[in-house]
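This is the structure I want to talk about, given as structure tokens.
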């Protein structure tokens, strides 16, 4: 009997250890933000089809995870929905001995989604309304701040149930960044971050948890990524931008937010929430790849640089189908030049 | 296992050296050493784990000291962290899971071991053991999409029966400590049923026959004879179940509401230690927050020591009363 | 004659146990049924043979995750089961009371550590020094999780073997070791296998420890030193995505994971028993 076990185990071990090996394969490991995972997986897959010896393996471990792992050197590059802070950049410099570069890839947006029995229209929200709701100061749906922006829609006098993200995420960063810009009170009381001390509300895990909670709780409101809302055909509201328009988040309005930004800094670390310009959706953001400026392995370096160039050209054409907004042309041009910074 | 007693298999050699070799050949000492080493790995692992948790949480420990245990704020932006709401949530959800799970699990084990025909019993147990393999994530998804709406529908009934207690007061949004407790119950039941059933089956038939011969009913036999015999094993399964519920991450975080506040009512949302670590660790790029999460892991370790200690005292006190 | 009260108590309590079983089995059948309808019915051969494709592209599968999970479980079992089992033997057969108490206590503590903490533990101990993610670190993390469960369940089942059997063997002149390995363990075999199966089942579905160790891989992962895909991690990643296509695959993967554990369960029972069935 023991012999039988041994033989079976040995056979299993041998079979599983063989696996599928490929010659000359350049395997690049990357990890980071969950939000762009669908488009990244599409890109890396398409790129692998073009150059079958280059395999870029991306895992969504979260923006913070991406920053942490690229700093620890366990992945070749990272990805994050929020730009790295100065302290984080310095830490990378100290640990890895080179600078870290940010490369925007696509644009995303957060949308306010809600479940009010009897209301199927897309409501208008001002920045003050959203801040008030999430601060817990606006507690009823028929509050003047909301009602005045929606003449002609009958809002009930029920209590608003707020739903936010419980897990740290880039989506929360974008939302709180926006609220900090439109409300001094929010900025002082709560602030911006991938995770904050929410004054009110239930926490849902992931977009999944938030949308699930909203679907099952009458009179609730929360925020999810635009791709999520569109793919799941959720009702979401319009938000007022600095130009005074109530804009519905769409691929066009999100790209407009990026285009409306006047000075793109050299290192591409910028927040475009509450961006000026007509047709701009105010709760938009870039998402970045975090690439070390010095890459030791020449094969990996060439692969990454080529990929970036491809991503800025052919890659951008694939974004719309997956509900991501393209980068504006000005940003693309700047980035193409920045690729040379990778040594 | 004395070296001086003659065995049926070997003649007794003379001299100290050959006595040593004989002891070795008899295998007892080898078996002793090998199994002892394996048992020691547990202690080594635990020590290493505590060491790692301790050294990686120096920042928050120095900043907060013992007030970490009583603090109720969790604010990454300003760097203020406190563990109390998470301790509360962990204890409440696990207690609820055990409260429902133990009677349900042991009851089902009794049925499967004593009453059900063998084939049915084997088949059902096989399937129940499969439940243990369902990934936490799936339980979490089933939790949000099936359990929570079901509980929302059942809420009026529950409130009618139990609404007079503060435990079931206040608004109910579906995601709550109650939902988390129920999900945990479903997750720990396979362990309790499977192991309890095996241990009950292992009770020698003579014991049962003896009681029945004295005129006891089937239930009396089970309760007064079989269960006490099987008690240690059943307790073992409960400890396993308790451990699972204290450390369960994914499923809990999807249905507990994730609000780091202490509420009296089970209908209110809450937060558990494992859930907050899982939610925030990957994204925590700030060293203080990471350290605070690791300190929470240390706190859970301490909590487990306490709860296990209390449970053992409970077991010891009930065992002293009964025979065995 | 049996009093009415005793008869009633008997009937009521035994029916209650039936109710408990009904509830437990009912929940289980519901979970399995749900998984089957959501995941099993849309299962195609592609799932088992193809690599993952980006969302919306048909024909994707999780072949690499299946292999990855199998490798991880194999490594974890090779570490966790022997150490845990032999530790359980020590506690049941040799242990003095205070040392055993400490070991048992510590085992229960380790069982209660959240899986994510074990993952972070393995990350600090293996991934950081090595500088990369790997199947090895994932298997080790899972193995560490298996040890305390194995100790606890082995000890329980070994202890359940009646003292009379041990005494009988020793009266025949067998040494302690021989008694253990030729009498006690075979007598406890059914329970021991149950314990091992529960252990593998539990660990097969763990996600959190793998996120920081095995990491994940969209491609094949040869050998043991590269990151690898695993079914639970794929389920998690796909289930929280917004795309119906991926969510569907998540349910399918959940169903397949269950079937994988079932296959391990059945084959283990067949291999480890004489004459092809576990005597009961």
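A, B and C are the chain letters, set down in written order, and residue numbers restart from 1 in every chain.
Definition applied: a residue touches a chain if its C-beta (ideal position, glycine included) is under 8 Å from a C-beta of that chain, and two chains touch if they have at least 3 such contacts.
Keep in mind the model is a prediction, meaning the values are calculated, not measured.
Contact counts per chain pair peak at B-C. With every chain reduced to the mean of its CA atoms, the largest distance from subunit C is reached by A. Taking the mean of the C-alpha atoms as each chain's centre, subunit A and subunit B sit 37 Å apart. Averaging C-alpha coordinates per chain places the centre of subunit B 15 Å away from that of subunit C. Multi-chain contact residues, meaning those touching two or more other chains, occur in subunit B at positions 141, 278, 282. Among all residues of subunit A, those that touch two or more other chains are 61, 205, 208.
Among the residues of subunit C, those touching two or more other chains are numbered 211, 239. Interface of subunit C with subunit A (complex): residues 52-57, 67, 70-71, 74, 78, 127-128, 131-133, 211-212, 215-224, 226-227, 237, 239-244, 246, 271-272, 274. On subunit B, the positions that touch subunit A within their shared complex are 73-78, 80, 140-141, 144-145, 148-149, 152, 173-175, 253-254, 257-259, 269, 271, 275, 278-280, 282-285, 289. Looking at the complex, you find that subunit A touches subunit C at residues 1, 4-5, 8-9, 12-13, 16-22, 27, 29, 31, 34, 37-38, 41-42, 44-46, 48, 55, 57-61, 72-75, 205-208, 225, 227-228, 231-232, 321-322.
Contact residues on subunit B toward subunit C in their complex (touch as defined above): 1, 7-9, 26-28, 30-32, 34-39, 41-43, 45-46, 48-49, 52-53, 56, 103-108, 110-112, 114-116, 118, 122, 124, 126-138, 141-142, 146, 186, 189-191, 193-195, 198-199, 201-202, 204, 215, 217-220, 223, 230, 232-233, 236-237, 239-240, 242-244, 246-250, 273-274, 277-278, 281-282, 294, 297, 300-301, 304-305, 308, 312.
If you check the complex, the residues on subunit C that touch subunit B are 2, 6-7, 9-10, 13-14, 16-21, 23-25, 27-29, 31-32, 34-35, 82-87, 89-91, 93-95, 102-103, 105-117, 120-121, 124-125, 144, 147-149, 151-153, 155-157, 159-162, 172-173, 175-178, 180-181, 188, 190-191, 194-195, 197-198, 200-202, 204-208, 211, 231-232, 235-236, 239, 250, 254, 257-258, 261-262, 265, 280.
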